[in-house]
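Scrolling down, you'll hit the structures one after another.
Both complexes below contain subunit A, partnered by subunit B and then by subunit C.
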Partner chain A sequence: MTDQTVSGFAVRTDLAYDLDNHMWVDVRESGHARIGMDALGLETSGTLAQLAFSTDDEFVRGEPFGTLEAEKFVGPLIAPLSGRTVAVNGAVSADPGLVERDPYGAGWFVEIEPTNLDEELPFLIRDEADILERFERKVRQYRIEGVLAE
Partner chain B sequence: MTMASQRKLLPLVDDHNKRQSPDWVRISMASALALRYQSGRFNREFDFGGINLLLNYASGCRSDCSYCGLARTRPGDYEDKSFIRVEWPLVETDDLVDRMAKYEDGLTRLCISMVTHGRAYRDTFEITRRIRSKVATALSILVAPPTLNRERLETFKELGVDMIGIGIDAVTEDLFRRHRTDVPSGGGLSWEKYWEIVNDSRDIFGPWKVNCHTLVGLGETDHDMISLFIELCDRQIFPYLFCFNPEPDSRMGAEPKAPISRWRRIQLAKHLIETEGLRWEHFSFDDEGSLTKVKDVEPFGGVVERAVESGIPFMTDGCPGPDGEPGCTRPYGSYRPSEAMRDYPFLPNENDRTVIRDEMALHEIYPGMATS
Partner chain C sequence: MTVWRYLADDGAGAAEGLALDEALMAAHGRNAEPAPPVLRLYTYADHAALCGRFQHLEAEIDIDACERTGTTFNRRPTGGGAIVMGSGQLGVAVTTAAHVDESPKAALLRFSEGITAGLAKLGIEATFGGKNDLKVGDRTIAGLGLYLDGDGGVLFHASVLADLDVRFMLDVLDIPAAKLGDRAVAAVESRVTTITREMGESWNGPLLREAVAFGFTDALGIELQASEPTGEEAAIAGALVRDKYATNDWLYARTPQADATATSLLKTPAGLVRLYVALQGDTIKSALFTGDFNDIPDPIAAFEDELKWSRLGRGAVEAAGARAFRDGTGLEVDAEVIVEMVLSAGERAQRRETVAAPARDGSCYFPDQEVSA
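Take a look at the complex of A and B:
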C-alpha cells in the first residue's frame, strides 16, 4: 500500500522525498519528474495564500524555483532535482487550496525533464521504511517547535 | 487522513446563532498559531504572546466605517469577513481560556476587541470575568465607545483590565465624520462620544494606561498626525500607530496604502514626541501639511540618529508585556508576509535598520542623518 498516514499526515511511499524542504518527486515513465510539496510541509506553512513559480526554464537542485506565501509565512520552494521545465500546474496558482486538498495528486507544482537524475536521485529518500521513519521524526520535531495544531 | 481533515481543528456547530459571544469569540490568526489552534509558522522567528480576541455576532458590527473589514455594507456574511485583512478563526471561549492558561508562560498581553453591538458590553464583561478566573496575563480592552459610559469603564477596571484602547482611527473631526459618521448604513459614530470615552478612560485608568489608535492613510496630513500625537502625549495617553491596509470590497478597498517613506517618518516622529519630548518647534511642514524638517533637541544632533539606530520607533505599537516591552505585536497585521514590514513585531536587526533607513530617506527632512 503506497498511501499511508504518519501521525495524521498523508504520505505516499511510492514517491521520492527531499524532507528538509518537504518536496516530493514522482519520476514518471516518460522520464519526466513531477514535483510537489508533502502534506507535512503544507501543514506547517499555514493556510496557503499564494504560489508563484519562477519563469526560468532551468531548475538547479537546492535552488529556489518559486515561492509559497501563507497567512503569516512566505518562503522559497526549493528544487529537489535539476532539470528543464516541461510544465507548470497553473491550476494551483489559480487555486492554492487545491494543493491542500490533494497534495500528492492534482496539487502538483511543476514537471521537469531531469538533467542530472542519476547523481541527484540518491540524495532523495525513497525507501518506504525510511520515508515513514523520517516523517515521524519530523512530526515530533514540529510538535516540539509548536508549529502543529493540537 | 488528508490535509483537508487535518485543518478542521476548530470546533464547529451547525446552529449559526449559537456561535456568538460570549460563548464564542474570534481570535487573530497569529493568536490561533500561538495557542495551537492552527498549524503554521511566522515568516521570521520571534517570541509571540499577544492574544487578540474579537467579539462575534451573527448580525455583525453595527458600524459602517469606510476602511474596515467588518463594516456593515461590506459585502459578505459577517462570519466570512476578514478584519485587518486576515481570517479570524472562531473558537469557544471556555476552550480558549483553558488554552490561555495552558500556554500562559508564553503570553505577554491579552486584548478583547469589542464591536459596536447592543450586547457588546455585557458580553465583554462576561468574557473578561472568565479570563480573569483562570489567567493572570495583563488584559486590555479595545473598546466600542457607543456601548460604554463612565460606570462601565469603572467596572472593567474593577474586573482587572489594566489598559483601555480607543480606535479613533481617523485623526481629525472632519476625517472621522467622512469615514465613520456619514456612512451609507446609518448608525454613524460620534467624534464627541469617542473623546468622552478617551477622557473618562484617562481619568479612571490613569497616565499611560490609555491608548488611542490612529490610522495612517485615511487622507490626513502629517501635521494632523503630529498634532494628535502631541495632544495625546501631553495628556499621558499613548498614540498607537496603524497603517491603513485596504480591505478588498470595503469602500476604501481600492485606495493605496501610505507610501513607505511617509509611514516610516511618521513612526519616527511619533517616537520622538512620545519618548524624547520633541514638540512643535522641532517640526516644520509645507503648505500641504507634509513634514519637511525635523530638528534635533540636542545642539549637535544625536537624538534622532540614536532613535533610528535603536530600531524601536519601527516596532509595532501595542500594550506592554510584563517587562514593559511591546506585548501585543500583531505580526503581519497590516502587510503580507511577502511585503515590506510596516511595523516590526520584534526589535529590528542591523539588516532591518538598513532597509528602514533606505525606506525612510530621512536625509530629505533631517540633513544630519547619514544614509545607509
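Take a look at the complex of A and C:
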C-alpha cells in the first residue's frame, strides 16, 4: 500500500522526497519527473495564497523554481532535481487550494525532464521505511517547536 | 553567548529601507562564510506606504495621496497587507541563515518573542495572535512577516506601532471606507493599539528601540554588538534600489491570484452591520465588520481573526464561526446568519474578480464597497 498516514499526515511511499524542502518527486515511466509539495510542508506553511513558477526552462537542484506566499511566510520552491521544464501545472497557480486538497495528485507543481537523475536521485529519500521514519521524525520536531498541535 | 550585529538607523526611504534589509541577507547565503545574525531596528522617514509581496500596489496604496503628502511607497518582500511606516513605527528586521531543522513558522514565533519581551519590559503584555500579529488583548500592536530567499537567507520583518496616525493611514492606503469618516477611524482604532495608547503618553519608534533591543537579548539569549552596514552591504543595497525596488517591474508586479472584494449588509437587533471581505483567489485576506456598535463585539473580533487566511468555502467559514462563536455572536443573531453573510459577500466577490489585475480599490483593512446585500 503506497498511500499511508504518519501522525495524521498523508504520505505516498512510492514517491521520492526532499524532506528539508518538503518536496516530492514522482519519476514516471516517460522518464519525466513530477514535483510537488508534501502534506506536512503544507500544514506547517499554512494556507497557500499564491504560487508563481519561474519562467526559466532549466531547473537546478537546490535552486528556486518558483515562489509561494503562505500564511506564515513568503519563500522559494526549491527544486529537488535538475532538469528541463516539460509542463507547469497552471491549475495550481489559478487555485492554490488544489495543492492542499490533493497534494500528491492534481496538486503537482511542475514536470521536468531530469538532466542529472542518476547522480541526484540518491539524495532523495525513497525507501518506504526510511520515508515513514523521516516523516515521523519531522512531525516530532514540529511538535516540539510548537508549530503542530499535539 | 551568541553575538548578533545590531544596526539602528532612522529616516529610511521606502526603497532604501527595504533594500538594506535584503542586502543584509546576502551574508547568510548557503555558500557564504558563516556570519552573525543581524538585528536592525529602524524607522522610515515620514512616511512610507508598503504593500505586501503579492498585493497589487495600486489597489492598496493611494499613489495620488502619497504624492500629495510626500509619502514614498514600495512593495515588501514579505507577505501580508499594506502598512504605513514612519517615525511612529519601529521597523524590526532580523537577517540570518535558515536552519534546516527549524520550520518557517517556528522561526516566525522565535523572532517574535524578542518583540514580546521588549514590550513586556514596558509592562505591556503582548501575545502572538490573529494569524501573524502580536496582540494586546484583541488589538494588534505589531504585524509580522517572514521571507526566505532562494539562497538560504531568512528575513524576519515586523512593524511595531509605537504610535499611529490612523487618519493619515486612511488617507494614503487606498481605503474607500475612509468615506465613513469618523466611523472608519473608530473601526481601525478598535482593532489596533499603540505604545502611546498603552502607556498613556506619547511614544515613537526611536524611543521604543532600546526596549525592543533588550527584548531580543533577553528572549533569545544573545548579545548585541553595535554595527553599521559594511561597504559591501551598502553597495548591494544601492544596486537593489536601482535594479529592483525602484523599478516598475517590482512596484507594479502582477500575481496569479486576483484580488476581489465585496460587502454585505445585515440588519440585526443590535443595529445595521456591514461586512467588508477581501479575497485573493479563494483565500480570505481580510474580513471586517462595522456597524452601529462602539466597540466591536469580542466574538466578531475573534471571527475576523479566524477568517483571515481561511479558504472561502462553507466548511472553512463554518469552522471559523464555530471557533469564534462558542458564546454567541454578540450581535443578537445566530452564528449561521453571520456565516451566510461571509459566504454571500465572498461568492459575489469571486464572481467579479479578474485575473492578474486589480479588481478593486481597497486595502486589507477596508475593502471597497462595490456590492451591497
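As a convention for this text, the second predicted complex is superposed on the first by the 147 of 150 C-alpha atoms of A that agree within 3 Å, B and C clash if a C-alpha of one lies under 4 Å from a C-alpha of the other, contacts with A are read in each partner's own complex, and residues count from 1 in each chain.
Following the convention adopted for this analysis, contacts are C-beta pairs under 8 Å (C-beta built on N, C-alpha and C of every residue); 3 or more make two chains touch, one makes a residue touch a chain.
Remember, predicted model here, so these are calculated numbers, not experimental data.
In this superposed model built on subunit A, subunit B and subunit C take up the same space, so to speak, and clash. Applying the stated contact rule after C-alpha superposition, one finds that A:45 touches each of subunit B and subunit C. Residue contacts after overlaying the shared chain place A:74 against subunit B and subunit C alike. Judged by the touch definition given at the top, the superposed model places A:149 against subunit B, while subunit C stays out of reach. Shared-chain residue A:28: touches no atom of subunit B or subunit C.
Shared-chain residue A:95: touches subunit C; no touch with subunit B.
With both structures placed on the common chain, the touch criterion links A:141 to subunit C but leaves subunit B unconnected.
Look at A:9: by the touch rule set out above, it reaches subunit B but stays clear of subunit C.
Stretch 44-52 is the one among 44-52, 98-106, 152-160 or 278-286 where subunit B clashes with subunit C after the superposition on chain A. Looking at subunit A, you'll find residues 44-47, 49-50, 69-75, 146-147 touch subunit B in one structure and subunit C in the other. By the touch criterion given at the top, residues 1-4, 6-7, 9, 29-30, 33, 36-43, 86-87, 331-332, 336-338 of subunit B touch subunit A in their complex. Across the complex, subunit A meets subunit B through its residues 5, 8-10, 39, 42-47, 49-50, 67, 69-75, 100-103, 146-150. For subunit C in complex with subunit A, the residues that touch the partner chain are 53-54, 77-79, 100-106, 108-109, 131-132, 145-150, 255-257, 280-283, 285, 309-311, 355.
The part of subunit A that touches subunit C in the complex is made up of residues 20, 44-52, 63-64, 69-76, 78, 93-97, 141-142, 145-147.
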